[in-house]
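The structure follows.
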Amino acid sequence: MSKRKKKHRRVKVKNTSFNQVPGQVVYVGSKENLSTSLEIIDYNKESHQVKYTNDVKEVFPYKESENVTWINVNGLNTIKEIEQLGKFYKLHPLILEDIVNTQQRPKIDEYENYIFIVLKMLYYTDAGELVKEHISIVMGNKYILTFQEADGDVFDGLRDHIKNSKGRIRNSGADYLAYAVLDAIIDNYFVIIETMGDKIETLEDSLFLENPDENITQDIQELKREIIRIRKAIYPLREVINRLEKGEHPLIHEKTHHYLRDLYDHIIQVSENIEVYREMTWGLMDMYMTTISNKMNEVMKVLTIMASIFIPLTFIAGVYGMNFDYMPELHFKYSYFYVWGVMLFLFFMMLWYFKRKKWL
Amino acid sequence: MSKRKKKHRRVKVKNTSFNQVPGQVVYVGSKENLSTSLEIIDYNKESHQVKYTNDVKEVFPYKESENVTWINVNGLNTIKEIEQLGKFYKLHPLILEDIVNTQQRPKIDEYENYIFIVLKMLYYTDAGELVKEHISIVMGNKYILTFQEADGDVFDGLRDHIKNSKGRIRNSGADYLAYAVLDAIIDNYFVIIETMGDKIETLEDSLFLENPDENITQDIQELKREIIRIRKAIYPLREVINRLEKGEHPLIHEKTHHYLRDLYDHIIQVSENIEVYREMTWGLMDMYMTTISNKMNEVMKVLTIMASIFIPLTFIAGVYGMNFDYMPELHFKYSYFYVWGVMLFLFFMMLWYFKRKKWL
Amino acid sequence: MSKRKKKHRRVKVKNTSFNQVPGQVVYVGSKENLSTSLEIIDYNKESHQVKYTNDVKEVFPYKESENVTWINVNGLNTIKEIEQLGKFYKLHPLILEDIVNTQQRPKIDEYENYIFIVLKMLYYTDAGELVKEHISIVMGNKYILTFQEADGDVFDGLRDHIKNSKGRIRNSGADYLAYAVLDAIIDNYFVIIETMGDKIETLEDSLFLENPDENITQDIQELKREIIRIRKAIYPLREVINRLEKGEHPLIHEKTHHYLRDLYDHIIQVSENIEVYREMTWGLMDMYMTTISNKMNEVMKVLTIMASIFIPLTFIAGVYGMNFDYMPELHFKYSYFYVWGVMLFLFFMMLWYFKRKKWL
Amino acid sequence: MSKRKKKHRRVKVKNTSFNQVPGQVVYVGSKENLSTSLEIIDYNKESHQVKYTNDVKEVFPYKESENVTWINVNGLNTIKEIEQLGKFYKLHPLILEDIVNTQQRPKIDEYENYIFIVLKMLYYTDAGELVKEHISIVMGNKYILTFQEADGDVFDGLRDHIKNSKGRIRNSGADYLAYAVLDAIIDNYFVIIETMGDKIETLEDSLFLENPDENITQDIQELKREIIRIRKAIYPLREVINRLEKGEHPLIHEKTHHYLRDLYDHIIQVSENIEVYREMTWGLMDMYMTTISNKMNEVMKVLTIMASIFIPLTFIAGVYGMNFDYMPELHFKYSYFYVWGVMLFLFFMMLWYFKRKKWL
Amino acid sequence: MSKRKKKHRRVKVKNTSFNQVPGQVVYVGSKENLSTSLEIIDYNKESHQVKYTNDVKEVFPYKESENVTWINVNGLNTIKEIEQLGKFYKLHPLILEDIVNTQQRPKIDEYENYIFIVLKMLYYTDAGELVKEHISIVMGNKYILTFQEADGDVFDGLRDHIKNSKGRIRNSGADYLAYAVLDAIIDNYFVIIETMGDKIETLEDSLFLENPDENITQDIQELKREIIRIRKAIYPLREVINRLEKGEHPLIHEKTHHYLRDLYDHIIQVSENIEVYREMTWGLMDMYMTTISNKMNEVMKVLTIMASIFIPLTFIAGVYGMNFDYMPELHFKYSYFYVWGVMLFLFFMMLWYFKRKKWL
């Protein structure tokens, strides 16, 4: 139970930021990195350079570069450095607040010189727990900034493509890079969905076992909760991607629009799958109810058959156990065998009756 | 159970394309054709020609033809040939990706020189399994391309009409041909719907049998799942056809619009029928629950009647089976018969009571 | 059961028109008229003329007439004559297809010279079966054509008004006549709704009988199905009437708009009533479930009371029926009466206990 | 039951107006006034006059008056007089039809010289029955006409305000008077809602009694029906008031718009409350189901405890009631007491077992 | 029960204002302050002044001040003083009515010189009861007025920020102050949501206890009601904030719009959380039903096992308790032991049977 409880806790909104000054930057998440680390990937058609650092100032020279620069910030605890970065890139204070507020729902904010996107990276830990990681993207003219809560992400494939110059990425601008980052995150949602499908299947199979675990109600409820959380993380993203595609922000090039429309298709597909799983999970509870009722029917039938057969027979035996002085049958020679005959006849009559009713 | 499991598996999204480079063409379906075969149908008002080949290059000369050309590609495994075709017809890389991504939901993409439509061909195999086949249509100026996963389709009637010059088709352009292809696919949805109606009817009838199979819950769940899958395949098509009809793409001639509106009517009608079947299927579970409860009521009544009649009688017999030295009744001459009288009286009283309560 | 089955069958979509050539006219309904008969009503302010014929050519002269002409076609089997009529009035081939396709859902198609409306005429047969008759209306400049599946309709009142020059009809054009036809059909929906209300009431009453018929589940399901069918026939009509009223087709005169708005109000009112009945019918199932559960509770109480009272008493009797050599109580003079006292005391204790629990 | 039945009947749509000529004025309600009575209130800033009459002609002179005139018509049976009034004020025939058709749903119709509004006045009779009274308002330039089914309304407060020159009313025009009439009707909906809240509370409390009345299902169903009826009467009014406020009809003065927006707020608030009560009422059924199931659980526990304790003990007594010649235990001196010991031990074991299971 | 009842009562709409004159100012809430107290906070970039008074006239001088002035009115009973204030600030009579009508739902009214907002302040008392406090905001050019029902609010943090010149507030105008007030109220909704999450968790845990309290149904229903009330208080606010942000009222400065959009994000987030909790709470009832059914299954199994084992054995004992003269088995030497053998064999057979069925 204690394991469950811990899981429950995570559902609650731990927004401890009430009565804050608006625009004040406070990290409210639960993942603690000791320090914030930066990863700088700078590339153009010909060259490609990667740099890791803990010092935010090392980022500044890249602003002058003619290349596309991707600055990936891991860890949101060291507020000061994020504020430094924000000041350097002239980000609005509310953006900084949203970067570190891990409760923020997916959204898009379009400013004159940059586009700001918040979304959630979802993955299952090895222990099977669903992790929801807050991630923010600032897309500028020749750069993008990404802010993650912790190390470890879904961008390894993308890093590889940049390094090996696979696909269009080295020939395209920061808008295509932002698209590729979003694409990597959304592609990973399909893994979540596949895992969820497996879970539903497992639950469904265990419903039809001879003796379903009584905890199955809790498992179904847990799954419902998980689906609700995933939905909450993913659904608002549809609106975000749609606005990105439909919007006419000058930072998004004409030819990137086709890719964004494709992304929109993917997020719609994820949403539809979630909706399907949701309906199935809700249906599981009904199935469980009929399963319980069927079991009870079976229990009742056993009781009814045993009682209906033996109670009348016991009565007959009781009658001839009475001690009246004058009970003529007791003294007939074959009475005892006649009574056995009657009792056997009743016994088989009852069997035949229950057979005909298909209870046996 | 193992048969069921296999069916379940198919529900999952087997999108193994994560971390791909966007625009990379990978076939993710499960139907394996050894080779990709092409069918070329070229016709105008007067002439008509059909050609089968495995060599994609044989298609190229037809581009110059003044006739309407329908190139039907069977099998999506040999990526290379599809890419060759795509390059020849100058298709966008994302289109090629969608052609082979069998998870892609129905959609329409309008480009300057062609319209791209993705949809699903649905049919039941002889074994009664629902098959969802991914099909893509590229409609150009004087040609249409169709891409299917496997041999066997619903176009035989259409081929026949072209050959025998039935209806308007030989007098019309590529847009009418595209309409005819869509019409053939959507007309076939009515067969699916009819089969589904039969399934619901069979389930409903078996619910009211004396002893409904306990697996009926699973059957209902399976049917729900099937309806959900069909809905997922068909619903987005409404939007597709609507955009095709409402849109003002120059490739669609004025007089084809009436036909497209008719198509839209059909797809709406299919959707409404699915919705009706969905409501009915969801209602089946409730019906099953009341059926179970009614059965249990009946079981309980039998038990209650047997127990209520014989337990008191057994008690009376028990009383006169006691061995007290002084029990005056035991020595009266007709006690035994009086007791039988009382017991029979009670017996008939109980019968009358249960009769009056309508339990018998 | 066989009666029910036949009813079920009717729910299915019997669209056998797959793989047809689009625009091909095939009657798919089930009502067979041996021949198609025509009724021609021609009137103006002063004169009024009615003619019955089987020959479609007799219609043609009326096209020249300055009067309003209503041509009512009964029976959709003789395709040839409908095609002849269609050709004469220059109807689009798709319209001819929709006229004879009884599966077509209600719709409106506006052409330059005429407006085409499809809808359903609903009535209960004397046997209480719901009949859904396909009816199409073509409204032109000085004429309207109506196509019905079979003889017998809801227009008798309207014919009477035309004949006796009641109301505005003889002073108005073809648009008002079309309105009057629609009004007659929609007014008749209120009869359907009243019958449905009676059915719900009957079901509800029978739910609260001492022993509701077990078939009541089937009856509720049947009623649900009927409501679903009616909804399917009527709901799309709201859109049709709305477009007719909002649209600015030159064939509809300014002053007819008020009448159309009134018609729209009626169809909304019908829809709302259906929605109300739908909610009530869905609620019936829940009521039935609680009814069953209450019955079971009652059954269980009888069993529990009988068993709880007599099982302990039987035990006591059993104890003094044991044959031990040394059982001192057996030999006391009043033991037997003491035991009876104890048993009666227990009996009344139990009665009092169950009385207090309000189970008696 | 007969009382209930009568209530049910009222739900049905008793629209007996089918096959009428459109625009024909027929009263279809159930409230019969022997005659139609008129109340004329004529006022301006300084003066105020009230007149009661049965003669419709007495109304005519007021049309010339510069004052605001409110003509309130009670009783819709004497069609002729309503038609006379309609002709005098040049009302469209469809309006007259709607005035007497008590089935008409709330609506607004804007004409050039007047605005026509239909709505429902709701109140509970002293017997607790919900009455739905059809009321129509025609608002002209210097007059308003109101048509009610029967005597008795919710306007006494308003009459008082006019008489005593309270509030803005005597300084405002006919549009403000129409607003005040609507406001009086809508304010009264809050009484309805309060009564409904009381009913839900009463039902909820009675659900948790020891022995809820079995008729509670019917009471819940009745309440559902009542909510559905109220909803049907009130919901369309939102659209009506919204159009009145948003519309720019010249008869509505600029400064009245703020009051109409306030009215709109009130009707939204009523709708929200109905929605809340609806959800609560629907929840009552679920609560009742769990209540029944809990009761059944309790019944079953009593049975199980009694049977589980005494059946084994009876078996032991039965064993030593057997008549075998050779049963050594029967002849030991203290056997009887040992057996009692065993039986008491079993008895207390069972008690302890059920205690531990918390069934006792 | 009486405690509950009092809670229920609060759900009802206690709108006793029917038949009032529109625009008449009557306080309808339940919180009684003996007097209305005023708090005046006046500040600019450099200076900051706070003043408490009971005399409404002390407010008037501040109107001339160039500073931003926040006038916070506590207590809505002394209508006269609120009317005085309203007259001084030239507020529309309907606004005054809404300020004291605590039943008013959240809304925004835009006037030329000020914006009027109504919303609800929600908090839990120490006794765990949810309190819904009506609060109105009038935002003018250099001032804002806030009207609360009682002392005690969620603005302490905000007062502190103004005093200590934290954040942007001292550098901004009245529009930013209004934003800050709204932000403080909405931030507090997150506390409500967290408490609600705890309540759901507690209920869920108690569902899975060995013996869930039967009152749990009432607790779930209570929680449902609470969620419904909170939803009613919060949902309309989305529209309010949205209109404030989207609207182009000259009183709202350009740079405040970003903050309002942020506020809108927060209220959407609160709404989504409520929706999630709603779904979970509704699911609790289903879980409880399965829990009850599982318990009943367990009870039935115990009964069935006990009865099925001992009823046949008792029958056997009964047979050999019969008193027939001629019962050969009675006289065999080891009959008694054979019978014990048979009975033990049956006993273990039954145990094995129930073991195999997994009922033990």
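Order of writing sets the chain letters: A, B, C, D and E. Residues in each chain are counted from 1.
The rule is short, and it goes like this: a contact is a pair of C-beta atoms (placed from the backbone, for glycine too) under 8 Å apart; a residue touches a chain by one contact, two chains touch by 3 or more.
Chain by chain, the UniProt names read as follows: A, B, C, D, E = Magnesium transport protein CorA.
Keep in mind the model is a prediction, meaning the values are calculated, not measured.
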>> Which chains sit in contact with both members of the pair chain C and chain E?
In response: D
>> Strictly by the touch rule at the top, which chains does chain C share as contacts with chain D?
In response: none
> For chain A superposed on chain E via Cα atoms, how large is the rotation, as a multiple of 5°?
Replying inline: 70
> Using mean CA coordinates as chain centres, what's the chain A-chain D distance in Å?
Replying inline: 43
> Distance from the CA centroid of chain B to that of chain C, rounded to the nearest Å?
Replying inline: 26
> Hey, what residues on chain E touch two or more of the other chains?
Replying inline: 289, 293, 296, 300, 303, 307, 311, 314, 318, 321-323, 327
> Which of line, ring, star, complete and other names the graph you get from chains that touch?
Replying inline: ring
> Where on chain A does chain E make contact in their complex?
Replying inline: 1, 5, 8-9, 11-15, 17-24, 92, 94, 97-98, 103-105, 107, 109, 210-211, 214, 217-218, 221, 224-225, 228, 232, 285, 288-289, 292-293, 295-296, 299-300, 302-303, 306-307, 310-311, 313-314, 317-318, 320-323, 327, 329-331, 333-336, 339
>> Taking the touch rule as given, give the residues of chain A at its contact with chain B in the complex, in rising order.
In response: 154, 156-158, 161, 166-169, 179-180, 183-184, 187-188, 190-191, 193-194, 197-198, 201, 204-205, 208, 258-259, 261-262, 265, 268-269, 272-273, 276, 279-280, 283, 286-287, 289-291, 293-294, 296-297, 300-301, 303-304, 307-308, 311-312, 314-315, 318-319, 321-327, 357-359
